[in-house]
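In what follows, a structure is listed as structure tokens, so that the remarks can point back to it.
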Amino acid sequence: MKIVTLGEIMARFSTTAGNRLAQAEHFQVVYGGGEANVAISLANFGHEVAFASKVPENPLGEAVKRHLNSYGVSTEFLLKGGSRLGTYYMEAGVGERGAAVFFDRAGSSFAEMLEIEWELAEMFKGVDLFHISGIAPAVSLKWRELTLELVKAAKSAGCQISFDVNYRGKMWTQAECGAVIQTILPYVDYCSAGHMDALYLLGIPKAPEEISDKLVYYYEKMSALFPNIKLFYATKREVISSSHNKLTGHIWSKTDGIFTSKTHDITPIVDRVGGGDAFSGGVLHGLLSDWSLQKTIDFGTAASSLKHTIHGDTNQFSEKEVLDFARSGSGAIQR
Amino acid sequence: MKIVTLGEIMARFSTTAGNRLAQAEHFQVVYGGGEANVAISLANFGHEVAFASKVPENPLGEAVKRHLNSYGVSTEFLLKGGSRLGTYYMEAGVGERGAAVFFDRAGSSFAEMLEIEWELAEMFKGVDLFHISGIAPAVSLKWRELTLELVKAAKSAGCQISFDVNYRGKMWTQAECGAVIQTILPYVDYCSAGHMDALYLLGIPKAPEEISDKLVYYYEKMSALFPNIKLFYATKREVISSSHNKLTGHIWSKTDGIFTSKTHDITPIVDRVGGGDAFSGGVLHGLLSDWSLQKTIDFGTAASSLKHTIHGDTNQFSEKEVLDFARSGSGAIQR
Amino acid sequence: MKIVTLGEIMARFSTTAGNRLAQAEHFQVVYGGGEANVAISLANFGHEVAFASKVPENPLGEAVKRHLNSYGVSTEFLLKGGSRLGTYYMEAGVGERGAAVFFDRAGSSFAEMLEIEWELAEMFKGVDLFHISGIAPAVSLKWRELTLELVKAAKSAGCQISFDVNYRGKMWTQAECGAVIQTILPYVDYCSAGHMDALYLLGIPKAPEEISDKLVYYYEKMSALFPNIKLFYATKREVISSSHNKLTGHIWSKTDGIFTSKTHDITPIVDRVGGGDAFSGGVLHGLLSDWSLQKTIDFGTAASSLKHTIHGDTNQFSEKEVLDFARSGSGAIQR
Amino acid sequence: MKIVTLGEIMARFSTTAGNRLAQAEHFQVVYGGGEANVAISLANFGHEVAFASKVPENPLGEAVKRHLNSYGVSTEFLLKGGSRLGTYYMEAGVGERGAAVFFDRAGSSFAEMLEIEWELAEMFKGVDLFHISGIAPAVSLKWRELTLELVKAAKSAGCQISFDVNYRGKMWTQAECGAVIQTILPYVDYCSAGHMDALYLLGIPKAPEEISDKLVYYYEKMSALFPNIKLFYATKREVISSSHNKLTGHIWSKTDGIFTSKTHDITPIVDRVGGGDAFSGGVLHGLLSDWSLQKTIDFGTAASSLKHTIHGDTNQFSEKEVLDFARSGSGAIQR
Amino acid sequence: MKIVTLGEIMARFSTTAGNRLAQAEHFQVVYGGGEANVAISLANFGHEVAFASKVPENPLGEAVKRHLNSYGVSTEFLLKGGSRLGTYYMEAGVGERGAAVFFDRAGSSFAEMLEIEWELAEMFKGVDLFHISGIAPAVSLKWRELTLELVKAAKSAGCQISFDVNYRGKMWTQAECGAVIQTILPYVDYCSAGHMDALYLLGIPKAPEEISDKLVYYYEKMSALFPNIKLFYATKREVISSSHNKLTGHIWSKTDGIFTSKTHDITPIVDRVGGGDAFSGGVLHGLLSDWSLQKTIDFGTAASSLKHTIHGDTNQFSEKEVLDFARSGSGAIQR
Amino acid sequence: MKIVTLGEIMARFSTTAGNRLAQAEHFQVVYGGGEANVAISLANFGHEVAFASKVPENPLGEAVKRHLNSYGVSTEFLLKGGSRLGTYYMEAGVGERGAAVFFDRAGSSFAEMLEIEWELAEMFKGVDLFHISGIAPAVSLKWRELTLELVKAAKSAGCQISFDVNYRGKMWTQAECGAVIQTILPYVDYCSAGHMDALYLLGIPKAPEEISDKLVYYYEKMSALFPNIKLFYATKREVISSSHNKLTGHIWSKTDGIFTSKTHDITPIVDRVGGGDAFSGGVLHGLLSDWSLQKTIDFGTAASSLKHTIHGDTNQFSEKEVLDFARSGSGAIQR
């Protein structure tokens, strides 16, 4: 299948676990962003994927291009220009201590865009799926408009629309986010969203105590609001510590109801950044492959679990590796 | 508040976890010592702190100075001279395998001191708290006298005295230590000591089986011996493995009785050296800030838990970071 | 005691945990092989050990020689010549994700040997124990013959024979392996083998449900087939994840029955490669030292557990360190 | 322009300068090969380039693919299969001590190819230039045939043919090489060759003493033998030490005669592997860009000089960077 | 002596020599800026120094504080606040290839300052020397005013004024710079400036050919324009390559004329960033120490040469080390 | 041949070039000492060599043992015991800046020895050559006696005696050294000494100006004093900078006169520590191999030059590698 994802991509500077940023003499550098991470996942799974964004004409912009190209993601729509690449700094969490992140993303080439600079007709030609997240409209007031414009254009061009709500409290308020995504959701086919999004962004009332499967309740309510959305999916993450999470995936369709993956016991966690994107990438791959929803959610959750075991934002596993892991996941050596 | 701590500071040479000293081609170097670590903790928490010691006039002595200065600790009373910096080598423990440490500290500039080389009137002028530990008198016969001399001088100068028993079996016998600390304790206001110290250093008889809170029993007995001591505090450490400890803090005052922190589940442990000093630093900060004993013990134990998650002897967290951690400690990323 | 072990030794190229091979800019290099690892363990425990093999006349061959020599293993019988050193690549497992290994061992100097190139009379002169594993006959058709020839020659020379079945499914089928080891086992004194070997290589029928100690059942059956074998031993490994295993050792003798070690809870695992060889090395040391079987199995399992806590194939611990660990294993620092 | 290059690509394992292979605990890994390096250079200069080869279906094969893709080189014709990736090991030279290299390339997926596995019509469709070197026919007897077959097919499909003689004495004799390249040269348009190739591979008699520009003499003789060849080019390298070379480029055309670049004084040399390929890539870019021969040889020699200043086989500089360097090359910081 | 320096301080991210930014997986991080570097030099030489600037309230701001404190520089006037720390990226030059630098400094906490936020009376109280450079007024239009305001205030408070012209073509034009510094120079006592500054910033006509010592000519002309300036000084740098420079220092006073240091032959260059600041620091130390101008220029040039041999912006050498080096500089080991 | 060398061996802690000790977070660790380095050289050249010394019973002592064993040097006479391993710290020199070294060797296991602890009859049995240097008697007053005792015992046992004067000004005065070595030299067969030793240790008067080959003059004078010495040898080192030396070797025999090697131009220097020991090792190998003095001095000087190109004290090159280098030394790659 042919896929376009679009969003901001940033450089992440981090220390090795157990070392603080203010003390560091070296930073590890990786490049990532929600939509870029999904693009790479889908390319690893064999799809023809382009990632659209804007990065500066400097070595960091070039590094972004090489990063994407190395996984076979097309950078035909990766614009070069503007002021700078957004960056953020991260101190990995350990045990009870959570990760600490601070952003230096203002004034980035992407955030400063004032109009659609891509030739949309060309970009969406023959594209099966367009994926974008709720981070894009959060980067600037202008991007609230541009995101909607892109989604509409993609829809008109015949793409399926995939949207990951991905609410970030450091970027905007729930009210701001809610207002914006309600303009976007009427165009969406596949939506990654959870019960918090229902409650705080869409204003859906709290599920009554007596309802046993609350996620189904929220998905039904959201589906009533946006009947165009065919599928909702989300992970439930139980945070035992920074180094130990339990992860379960859920997918729900109007027609088939809810499907739940096995719960992955992830310990130790190497790097959880990009775990949600790996999940989305995995679920979208299942959907694009016409797999059953059970196989799809098992695959997506397995992909996300695998991502937690490697450094960087990027899920580097092939379809075969994810399937093998989903099947066995034993931790044994083969030799 | 204005604080002076005094003691030996050494270079620690260690390998990365999973590598043995005899095989290593590189050693990590950090500088630390009980009283120096407390000094840095207190400087991080906003106090005006000086660390007094003696280090050689060579690059390692200079490194010690920069280490302390970088955290804002004054080195006005860090003497330069003598033969060498004490060193020790450490192989980090992993799982069931404990850490292995061997010392090469004989003949250090500090240990070879034969008299008080600081101008005490100047050093203790305006100082609120003087902190020293039971390691100082253990380094030489001479230091048994010097420690007492220092404590008395500080007391006379109007400082509160903080003493951390910190018994080290590789340095002297329980009998030797007991004899010495009994000369010191009559001048002490705040004492970090546990039930083992009561039993084996102070000769307090074993608590009868029927007593439920044995720590209170021992603190009461110690308090009876040294009624000048206002507060005792200690951590209880449950060692599940080198990589997994549970840590609970206790503080007891004659007037208010016992206060207990929540139990921190520390796994994985990055580096436990300095964990006790971070605890003392945290507790002393609470006391100097006139916090409640409950808040004080929660803060001290949180500070100690945080220390276990970073490399080096030094607690690099600010008051705000420790308070945030004590409050949440969830292991979640904020973004 | 004087010991010879013989087999292939390879270079292992690996990434640090959390990084994939296809992304790596550096590989860690260690050298190892089942019989070489046993040789080093036994040398560490104080025996006079030689390792016989064939490696190329190039820097990797030289590195193998230095590796062995550094632990005091004699390389008098390490032949130089042939085409190349076998290599393999390994991505360490993390949590649920198992390690991934791929081999590049075809055409190695050892595998290409066509005849016995050692002067056997000299090599086995005064040797108490000859150790070899089921990997040697798996490397080539020729080596199925050569292995038997070596075992017979050692036996004739008066050596005790130690054999570790070590079945590797990537090298040959169970049928092939079974046929070959049945020619070897009649000469063996000490055999490392488990119930899977009994079932799938020796064709022993499955133990009836009602038998409580199934391992004893299989050992008795194997003993009936090969009454010359004095001892069988094996570990039972419970794989909770790649990072967490539980390990229990068992040893059985015809005369004394079964002995079982305590169960070691190994978490985190630093590197499990060589864990089985450390076990064999430890058990053989106990046998060569005339220890009780209980002490022997405790020692072997402790040695294996320790190996899991360090990088590389090689058990770097002395007899004293293993005994101390077996006794305490508390995870506490001594200082 | 559209370009295809074809040849073997290998993994290079090396130590950092000043460290020997037999002592190393880590190897740096880079991927490269003559034709692959030319492909990357040309892609960096803005051309549409595909690299054709065969690599194994394992992480090293995947790493090769990512390496090429990251520079925008198409891997549409990078076949996956066969046994292994060829490897070689290198100890960097320092000062008077030359680099030491040993190969472990036998049995590679590329070397074991027995027939053309690419769909040549598709591969050469619309291609302007096909580049291959004298290393390809050196890998096996079969490849002597296959190389000729490829060159003929490319010629028939309308490609210009670029050939780099690249004689490697460790792979075959001068006589063998000479015989083979004489079958290839009749199809070649652009040829990288020097006076040694003329003398020892093509049997051209030594230039008489009285001839002042001997390179022109040899190029004229070669041109007489292969009148189809439009251009010859080569560098002259003066080796002062491993760390210091002087490099001058020469290009000669039948119609325009000889052009010589400035002499680059390269010290220190970071990594000279791939220097010749960077030269070829630069010269070919000039030719494909219809630059003057003077500009072409200046560009090619500058590109080669730049390559010597970075690690790895790959020239990572853009056309603009090479032009800027050729112009200034001052060693000054711009800020 | 008591000194205040003031200016922007940034994080420098760089790769190791021979590696490009776009390929890097790690960046080295150092902190520096012209005035901060001078502050550290002077603190190393035994003065009481404060560095005034503004950095964000985040780990990078904290790292700046620790960096300065570690050398004993006071951060009493290091304001915390604003948006971000300015950063720049650098690829070290090698041989003929110059270093490549790109800046990401817009919107920094320092550059965004709109008014003097320091309590100047307090900051300049008892201060002997105030040092600032031409980079400060280049960061914003506002800073052109603020710099002048600071210089005037310092002068009024009785400080000597040290000014380093330090023209940066990437920040402003020669015309802009010239206009601004002509407002500042009337307050300056010690000025680091060269003949280029005379020609292009101050519009002094080119020295006639027949004048032998042109630098004296320019200094005399500048001195005529700004008779308040007691001393001018500059280095002459002969750039043989990025790895090899020759460096000579010159100092000129109205009363004593010109003094010239020996020429240092610097090869290899480890890191030349901060070389000019080390020179200024060294010269200012000589002036503050009332040394002869010959000793002063020898010391300053030696300090600068030493700086080229270590990583980072910071001259880490003590007065004694610089004097020893200036005296011997032989390259021999003492043991 | 069978050789014993004896002396102190220490751990060297160093930073990477361009980084200062006081700033370092990691130290590189290598083990070496004059006599140990000679032992390894001779073992690399194929001799049967034992190194005798005393090291502590701790991981550093164990590391020394493994270091020696890895090169095939016997540690049968490496005693374990005493307090500590001597250490020293080194900042590599760069360009004009010389290396900085400081020692922490007091109280080492070797230096504290009070009597001969080896069984000399056994140690010298069948030994052809005993090598020791002037560092051994410098470590303590006791060692001045012990060294002589060893030399006499070796002589009595029929060993040839090799002595390297190796005067270290940081350890003792010229007068002290001179007195001691004059007691040793009467037993010596091969002596590494230069004209400085003649002048300042042996009190030989300065050579008259008119004598052209002054080294011959001094060797003749020394030979007159100690007619038992068959050979003197030394290098002449021209120090252009820390990174660039020129090295020429000289050997002189009473019977055959002077022989001089080619001059090696060593730039860059990776690590010059151990360069003199590599020279002695090379010369001794030539003597033990009955090579001509010309071949011997060429080999020794080549070995020393090679040593300068690798990290660590240890010459890691084989006889063949040194011979190849002595022959070509071109700096070219072979491939």
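Descriptive notes on the structure:
Every chain is named by a letter (A, B, C, D, E and F) in the order it is written, and numbering of its residues begins at 1.
Convention: a contact is a pair of C-beta atoms (placed from the backbone, for glycine too) under 8 Å apart; a residue touches a chain by one contact, two chains touch by 3 or more.
By chain, UniProt protein names: A, B, C, D, E, F = 2-dehydro-3-deoxygluconokinase.
Since we're looking at a predicted model, the values are computed, not measured.
Set against one another, C-F and B-F show the most C-beta pairs in contact at B-F.
Matched by residue number, over half of the contacts between the chains of A-B recur in the interface of B-C, chosen from A-D, B-C or C-F. Simply put, chain A must spin 180° to overlay its Cα atoms on chain D, rounded in steps of 5. Chain centres here are C-alpha means, and the one lying farthest from chain E is C.
The centroid of the Cα atoms in chain B and the matching centroid in chain D are 63 Å apart.
Centre to centre, using the average C-alpha position, chain C and chain D are separated by 46 Å.
If you average the Cα atoms of chain B and of chain E, the two centres end up 42 Å apart. Multi-chain contact residues, meaning those touching two or more other chains, occur in chain F at positions 20, 22-23, 25, 66, 100, 268. Pairs of chains in mutual contact: A-B, A-C, A-D, A-E, B-C, B-E, B-F, C-D, C-F, D-E, D-F, E-F. Per the touch definition, chain B reaches chain A in the complex via residues 264-271, 305-306, 308-311, 316, 325, 328-335. By the touch criterion given at the top, residues 13, 20-30, 58-60, 62-63, 66, 83-84, 87, 89, 91, 100, 102, 104, 106-107 of chain F touch chain B in their complex.
Chain B makes touch with chain E in their complex at residues 66-67, 69-72.
Those residues of chain B that touch chain C in the shared complex are 17-20, 22-23, 93-101, 103, 168-170, 239-244, 268, 272-273.
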